[in-house]
Amino acid sequence: MPFEDLGFAKVDHHRTLRTGMPEVVLGEGKRAPQVAEIFARLARHGGNVLVTRATEEQYAAVKKKIRRAEYHDLARAIVLRSDRTTYGKGTICVVSAGTSDIPVAEEAVVTAEVMGNDVEHTYDVGVAGIHRLLASRESLCRARVVIVCAGMEGALPSVVGGLVGVPVIAVPTSVGYGASFNGIAALLGMMNSCASNVSVVNIDNGFGAGYVASLINRT
Amino acid sequence: MPFEDLGFAKVDHHRTLRTGMPEVVLGEGKRAPQVAEIFARLARHGGNVLVTRATEEQYAAVKKKIRRAEYHDLARAIVLRSDRTTYGKGTICVVSAGTSDIPVAEEAVVTAEVMGNDVEHTYDVGVAGIHRLLASRESLCRARVVIVCAGMEGALPSVVGGLVGVPVIAVPTSVGYGASFNGIAALLGMMNSCASNVSVVNIDNGFGAGYVASLINRT
Amino acid sequence: MPFEDLGFAKVDHHRTLRTGMPEVVLGEGKRAPQVAEIFARLARHGGNVLVTRATEEQYAAVKKKIRRAEYHDLARAIVLRSDRTTYGKGTICVVSAGTSDIPVAEEAVVTAEVMGNDVEHTYDVGVAGIHRLLASRESLCRARVVIVCAGMEGALPSVVGGLVGVPVIAVPTSVGYGASFNGIAALLGMMNSCASNVSVVNIDNGFGAGYVASLINRT
Amino acid sequence: MPFEDLGFAKVDHHRTLRTGMPEVVLGEGKRAPQVAEIFARLARHGGNVLVTRATEEQYAAVKKKIRRAEYHDLARAIVLRSDRTTYGKGTICVVSAGTSDIPVAEEAVVTAEVMGNDVEHTYDVGVAGIHRLLASRESLCRARVVIVCAGMEGALPSVVGGLVGVPVIAVPTSVGYGASFNGIAALLGMMNSCASNVSVVNIDNGFGAGYVASLINRT
Amino acid sequence: MPFEDLGFAKVDHHRTLRTGMPEVVLGEGKRAPQVAEIFARLARHGGNVLVTRATEEQYAAVKKKIRRAEYHDLARAIVLRSDRTTYGKGTICVVSAGTSDIPVAEEAVVTAEVMGNDVEHTYDVGVAGIHRLLASRESLCRARVVIVCAGMEGALPSVVGGLVGVPVIAVPTSVGYGASFNGIAALLGMMNSCASNVSVVNIDNGFGAGYVASLINRT
Amino acid sequence: MPFEDLGFAKVDHHRTLRTGMPEVVLGEGKRAPQVAEIFARLARHGGNVLVTRATEEQYAAVKKKIRRAEYHDLARAIVLRSDRTTYGKGTICVVSAGTSDIPVAEEAVVTAEVMGNDVEHTYDVGVAGIHRLLASRESLCRARVVIVCAGMEGALPSVVGGLVGVPVIAVPTSVGYGASFNGIAALLGMMNSCASNVSVVNIDNGFGAGYVASLINRT
Amino acid sequence: MPFEDLGFAKVDHHRTLRTGMPEVVLGEGKRAPQVAEIFARLARHGGNVLVTRATEEQYAAVKKKIRRAEYHDLARAIVLRSDRTTYGKGTICVVSAGTSDIPVAEEAVVTAEVMGNDVEHTYDVGVAGIHRLLASRESLCRARVVIVCAGMEGALPSVVGGLVGVPVIAVPTSVGYGASFNGIAALLGMMNSCASNVSVVNIDNGFGAGYVASLINRT
Amino acid sequence: MPFEDLGFAKVDHHRTLRTGMPEVVLGEGKRAPQVAEIFARLARHGGNVLVTRATEEQYAAVKKKIRRAEYHDLARAIVLRSDRTTYGKGTICVVSAGTSDIPVAEEAVVTAEVMGNDVEHTYDVGVAGIHRLLASRESLCRARVVIVCAGMEGALPSVVGGLVGVPVIAVPTSVGYGASFNGIAALLGMMNSCASNVSVVNIDNGFGAGYVASLINRT
C-alpha cells in the first residue's frame, strides 16, 4: 500500500483506490503550511479532500495552492469536491437537539455530502419539547441512517432510536455548562442508551458520525 | 428545640411539633438494636415513623418493641402509620423508566404515603418507547408534582418535564452497567436536563424525592 | 402544539398558553442575531421573555428590535416584562453563602420576579459564621420556598434545610479554587445533603432554581 | 402502537411488526418470575426472543414456561429461536482481543445469529501480536460489518478499522486490572480511535454491538 | 536511628526515644502472624502500642503473645497501654455528624487516649439539626483541639470551625450512598471549607486525626 | 456577635474580639470596590487585615482608602499590619519542594507573619535530591510547626513528616503538567501520606496552612 | 511467525525464538482448563513458562499436566523453570515501601528470576522513615536497574530515583484506603515523579516491571 | 553532595560528577531571570545543560549570559552542548503516531542527543494505517530502546511493543479532543498495554522518555 513521506506526515493514498472515498485530514494541531502541503498532495489524486477542524488561516494557506477548495465556516471544514457522484443508497438524516449543536451537526452534513450522500437535517428538536421531534417523524423514518447530535443530557438519541428501525449514530457535543463537563454528561448518557440501535462517536466528532453513516449508507 | 440524647444518637422531636410530619431514620449504617431503640423513642410521640434503607434484621428488632410496625420489602422501609390524615392537596405521580428502577420508585411511594399524600404510579415507560409514556400522559398531567426514577442514561425526567407544567423531582438510580457507573451517568443527565422544571436528588434517593414532593404538595 | 421553525431554532409558543409563564431562551452558544430573532418572535405573544447567560452583544442586538428589553448585568439576563401580575402565593427567599455567589443568586431573583413572585434575599451568610445566618432566620421561616446558592463546600443548603419546613432548592456555584473543581465539590455536597427537603439543580443554574421555586410557589 | 401492561413491565409488541426483529429483554435487575412472565408473553407472538445478562435461575424459570428456550452460558443469554430466516445480506465478523473477552464477543455472536445473520469469529488477536491479526485479514475483509471486543487498552478497533473499509462496532470490555478501571481505559481508547469507521457501544455491551451490526447488515 | 529487620518489616524504635509516643502499626494488609510478631517486638520497649484497622483474627494472634493487649472493636484497634501518663495540656473534643460515623470517631478517641490525652466526645450533631450542635457549644469551646468526623456532605467541620478559635482536624468518612462516592463528597467538602482553621486527613482516618490532635495538644 | 451588613457582604467583627487575630478577606471573585469597602470597614477596628488572592487592581482600590496597606506580589496578598506583637510561642518553618511552589509558600509566610509568628523558610528541597532536604534538617527540627508546599507527586510532606515530631501542614500546589491535573496528584499523595503527623489543606491554599499553623503555634 | 490456534487462544511461539525469553500467560479471566491447555502447549518448546495472577485452582489444573510446574503463592505465579541460565548482566534490586506491597514486589522478583536475573530485594523502606531506605543505599547503588513498589502516596520511586543513576521502574500498588482509590493516588504520584529516571507500569503490575527490568539488564 | 543555594533554587552539581550526565532545568513555572541565573551557574561546570518547556523569553535571558546556548523551538528546549561524546551503545528510535505529536517526540530527540546518543526517528505511523508502521520495521528492530509518542487512543506502543524485543518507553501526548481529556485516554491506554515491554512516563513528557532511554542505552 503506497504512501508519500513528507517527513512530518506520511500521506496515504490507498484509500482513494476504493471508489469514491475522500481523503481526510484532521486540521487541529497542524500548522497551516503543513495542511496546505498535505492537501496539495492529496488533491493530485482526483478524489475528494476534506480537512476537519480547520482554521481560517489553514484555509487561506490551502486556497493559495488549490483554488477550488471551499471553506464551510459553520462546520470548520475545508472541502475539495472533485467527484460529485452519489454513492449512498438512501438518505442520511442529521438531527440536532439544540441551536448550539448545529456546528457539530453541520460537520456531519458536510462529511456525508463529500462522501456522496443525500442528506436531510432537522435542528432544535430537543427532548423537553417532544412534539417538535414528533413533527419531524416522517423525515426520520424515511432515512437509512440517522445521526443525532446533542449536548447537555444527551437524551435525544434514545428517543430517536425508539422511533426508527435503522442504525442511529450518536454524537455527544460539548454544549452545556456546569455538570455537563464539556460533553461528558452527554457522552455517558449516549453510552447508556436504552435504545438498542445506538452507537456513539467522540464528543463533537460530527466527522466520524458522517463517515460511519456514509459507509452504512453505501453498503 | 427538644431532643433526647441516647449517646450514639440525638433523637430529635421538634419536627413532630409541626402537624403531620413523620420522624425519619436512615437505617443504613446503624445496628439493629440502635434502630429499634431510636424507633421506640420516636413511636412514643404519636406521629408516623419511617426507617429507610432498612434490613430485615433491623425490622425484626423493631417489631419486637413496636408490634404495629410494618415492612415494605421492595422499598426496604419500616413504617409506623399512626396518623392517616391526608395532608397533600393533590396527587403525586411516581414514574419509573424501567422494571429495575421500581424499588427506588417504591421508596418514594411509601414516603409520600406516610406523609399523607394520594399517590399514583406508572412504571416501565422509558424513553426508547415513547408511546408508552405518552399513553400515561393523562395521569401525569393530573399530578401536582411528578417524581421520575431512571437509571442508565437518565433521560426520562427531561421528556416528562416537557410534558407537564409542575415541578419534577428526578431520582437517578444505580440501574445499568458499564459506563452507567452506578448512577453517575443518570445523575449527570438529570443535572443537565434541558427541561426547566427539573430538580434532582441523590442516586437511589427515593425517600428524598418523596419527601420534597410531599412538602410541595402540602404547600 | 404550535411552534415556528426558523431553521436554526424551533420557537415554541405552547408554554405561553398557560397563564403567566415566560418564554425562556438560553443565550449561551447562540449568535447575537439568532437571539434577537428568537426574542422578537417571542415578544409578539405578549408574555414575558427571559434570555439567560446573555452577553452585552446579544443584548445590543435584542435592544435594536425590542426597545423595552432590559439587561440585568449582574445576572447576565435580558428581560422583557410585559406582564407584571403576581402569580406566587407567598415569598421566595434567595440566600447566598458568599459575595462571589451573588451573580448566580441574582439570576434566580430575576427569574422568580419575571415569573411573578415576591422575592427576598439575604447574601453572605456562609456556614463558617453561623450567627449571620441565624440573624436572617425570621426572613427564611417566612418563605414558601427557599433557594440557596453556595460554592466551595456547598454546606449551606443542609443548614438552611434544617431551619425551615419548606422545599429548599440548592444551587451549587463554581465559586472556589483548587479542589472545588469548578463547583463539583459543592454539587456533591448538596446531592448528599443530610436535610431531607433539599433538591439540587446544575452548577451555576440560578435560572433553574428560580423556575422550579416559582412553580412551587404558584401551586 | 400496542403494548401489554403487566404492572412491573410494559411489554412492547410493535417491534415484532417489522419482519424478523427479535424481542429483547435485559435480564439484569429483574427477578426470575418477572423474566419468565415477560418471556412467555413475548413468545406468543412467534418471533425470536432474547434475554441478555440472564442468570441460570432466570433460565430455569423461563424453561418451565417455554420448553424450547435455550441457554448460552458463555454469553449469558436465553434464546427462543422460532424464526430461522437469514435476513443479513453478508457476513458479520466478530473479533476479540483476548481470551477473557470471549464472553462479550459471544453475546454479540448470539445476538447477531438470533437476528438472522451469518457470523464468523476470530478470537485472541490482540495488537501486541499483530501477525495473528494479519493472519485473519482475509476473513475480516470479507465481512460487511466488523465487531471488535477488547479490554485493557482497547487498541484493536483502530487497527482493524484501518484494515477494512466497512463499519466497525467497537465494544470495550471490563477485562483488565489496575488502571483499566473496569473498561474505562478501553472505552476512552475506542472513543478516540484514529480510524474513522469506528463507533462505540457501552462497556461489555456485546448485545448492542450485535444489534447495530445486524441492522447495518440487513440494510 | 535503630530499627530491627524482620524481613517482611523493618520495625522502627526511634519514635519511642521521644517521651510518650506510641508505636503504631497499620493492621490492614498484614497477615495475623506478621502483626503479632511486630507487636511483640514493639511491646518490649515499654511504650504504648497501637494497631489500627485490626481484625479479630489479628487480635487473637497478638493476644497469644501479649496478654495485656486489648481490643476496641468499634474502633477496630488493638491497644497495649503500658504508659498512662497524661501528656496533653488540654482537652481534645471529638465530634461526629451521625451515628454511622462513630467507628471513625472512636478510632480518633482511642488514638488520642493512647497518646495520653483527656478526650471528650459529642456524637450525632449533624448540620441539618444545628440546635443539637449549638447545645454542645460549651464543650467545643473548652477544647484545645477539635476533631470532626462526617460523611455525606461533610459540612460539619466548617460550622464547628466557625464556632471555635482552635485548630479543627476534619475526617471525611465513607458514610453515605450514591453520590457520596465512599467519602469523596465529604473529602472535597472539607478541602474547600470556608472556615480557615480546618485541615483534613484521609477518608476514615480517625487515627491520623487523633495523632495530629495529640501532637498539637502536647506542644 | 456583631457584624455590619454592606448588602453584598456581611462584615464580621467578632474575630477581632480575640487578641491578635487578623481580619481576612478572600479577594478572588470580588470586585475591586467591594474589596476596598470591606477593607476600610475592617481597618477601623485596629487589628491586622489580610486580603488573599488579591489582584493589583484590588490593591490600587484599597490603597486609595488606606494608605498604609501593602502588597506582597509574590504571595498576591494585601496586608495591613497594625499590630506587630509576636503571638507565636516558637518558629514556623515553611518548606517548598520546588522553585515554582514559592508563591504558595510565600502566602503561608505572609499569613503566619501577619498573625504574629517568627517564620523560617527553606525552598527547592524536593525529594529527588534528598541531600538538600537533609541539609536543612536542623532548621526543620527547631520548628514548632512545619508547612510543606509541593506540587507534582506531592511526596515531600511524608519525608518531612518522618524527620520531625511536630504537626506538618501539607499544601498541594497546582505546579506540574499532564497527569498532575492541576494539583490533584499532589493532593491525593498528601491525603495518603504514610507519615502520621500530616494534615492537608486545599490546593494552593498557602493561607489556610499559615492560619492553622499560627493557631497551633499560639496554643 | 508461527502460532497455534486453540480456538479460545492463539498460542504464540515466536518469542521463544529469541534466547531465554519465557512464555507468559495472564491467568486472570481464564478458566483453569484453558490455562492448563495453554501451559502444556508452551511447555513443549523447552523454554521457561510463567502464569501471572494465577489461582490455586489454575495451578492444580496445570500441575496435573506438567509435574514440574511450581506455584509461588505470595506472587500468585505458576512457574516452569526449564532454563536456568543467567542472562542478566548485573543485579536487579526490588524495593517495597511497606509490608503490604510485598506480593506485588514478589511478582516482580519471580518474573526477573524466570528471565535469568540475579535479584536482590529490600522491603518496608517507606519514605516516612527515610533512615531505613538510606541504610539500604549500598544495595541500591549496586543495581543495574531498580524496581520500586509502593501504594498510598507512591512517593518512594522519586526518592530512590534521586539516589541512583540507573533506570527506576515504578509500580503503583493498590495498597491503602480512602483517597488512595485502589492505587490511583500512587499511580499519579509516580507519573509526576520529579526524578527523571522513573518510568511507570500499571497498578499492581509487578510482572511488567520485572519484564522491563530484565530486558534492560540483558541489553 | 554539593549544591549552591540561590534562595529561590538549590542548584545541584553532584550529577555532573558522573560522566556525561547533563544538568537539567524545568523551565515551566520559573521566571526568565531565574532560569538565566540557574543556567549560568550550571554552565560553569563544563557539562551539557538542558532547559525543558522553555519559552522564547527565557531563552533570550539565557542567551544574554551564555552566548553558545541554542533554542530548539519545536521541542521548546534550551541547550548548551559542551560535551559531544557519544555515550550510548546503540541507537534510540523515536516514533510518533501523528504529525501533532511531533513536538513531544522532538523533546525526546533533543534530550537523547544532549545525553550523547544516536537517534533515529519515524513520524506519523499511527495504528489506523498499520502498513506505514510496518514499513519502518527495520529501523525499529535495529534500535536498542524505542520511544513511542501518541495521543488520542495511545495504541501505538502496544503494537510497537509486539514488534520489537527491547524496552519501549511510551509517552502519552495531549493531542486529541473530546474524550481524549488532554492525554488521559492515551495515558490509560498505555498503562494497560498488553505488550509486556512497555513502561510509561507523564503526558507530554518527551524529556523523561529521552532521559530513561538514554540511561538504558548507556548501561
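In order of appearance the chains are A, B, C, D, E, F, G and H, and numbering begins at 1 in each one.
One rule holds for everything that comes next: a contact is a pair of C-beta atoms (placed from the backbone, for glycine too) under 8 Å apart; a residue touches a chain by one contact, two chains touch by 3 or more.
The shown structure was predicted, so the numbers you read here are calculated from the model rather than taken from an experiment.
Comparing mean CA positions across the assembly, the chain most remote from chain A is E. Of all chains, the one whose CA centroid is most distant from that of chain B is H.
Spacing of chain A relative to chain B, judged by their CA centroids, is 43 angstrom. Separating the centre of chain B from that of chain C, both taken as means of CA atoms, is a distance of 26 Å. A separation of 36 Å divides the Cα centre of chain B from that of chain D. Each chain gets one centre point, the mean of its Cα atoms, and the points for chain D and chain E are 50 Å apart. Among the residues of chain G, those touching two or more other chains are numbered 98, 129, 178-180, 184, 187, 191-192, 196, 202-203.
Every pair of chains in contact is given here: A-B, A-C, A-D, A-H, B-C, B-D, B-E, C-E, C-F, D-G, D-H, E-F, E-G, F-G, F-H, G-H.
For chain H in complex with chain F, the touching residues are 1, 3, 7-10, 12, 14, 26, 28-30, 34, 53, 172, 174, 183-184, 187, 202-205. Those residues of chain A that touch chain B in the complex are listed here as 97-98, 126-130, 152-155, 158-159, 161-163, 176, 178-181, 184-186, 188-196. Within the complex formed with chain G, the residues of chain H that make contact are 18, 21, 24, 89, 144-145, 165-167, 169, 187, 191-192, 196-203, 207-209, 211-212, 215-216, 219. Residues 98-100, 102, 123-125, 129, 131-132, 135, 175, 177-180 of chain B touch chain D in their complex.
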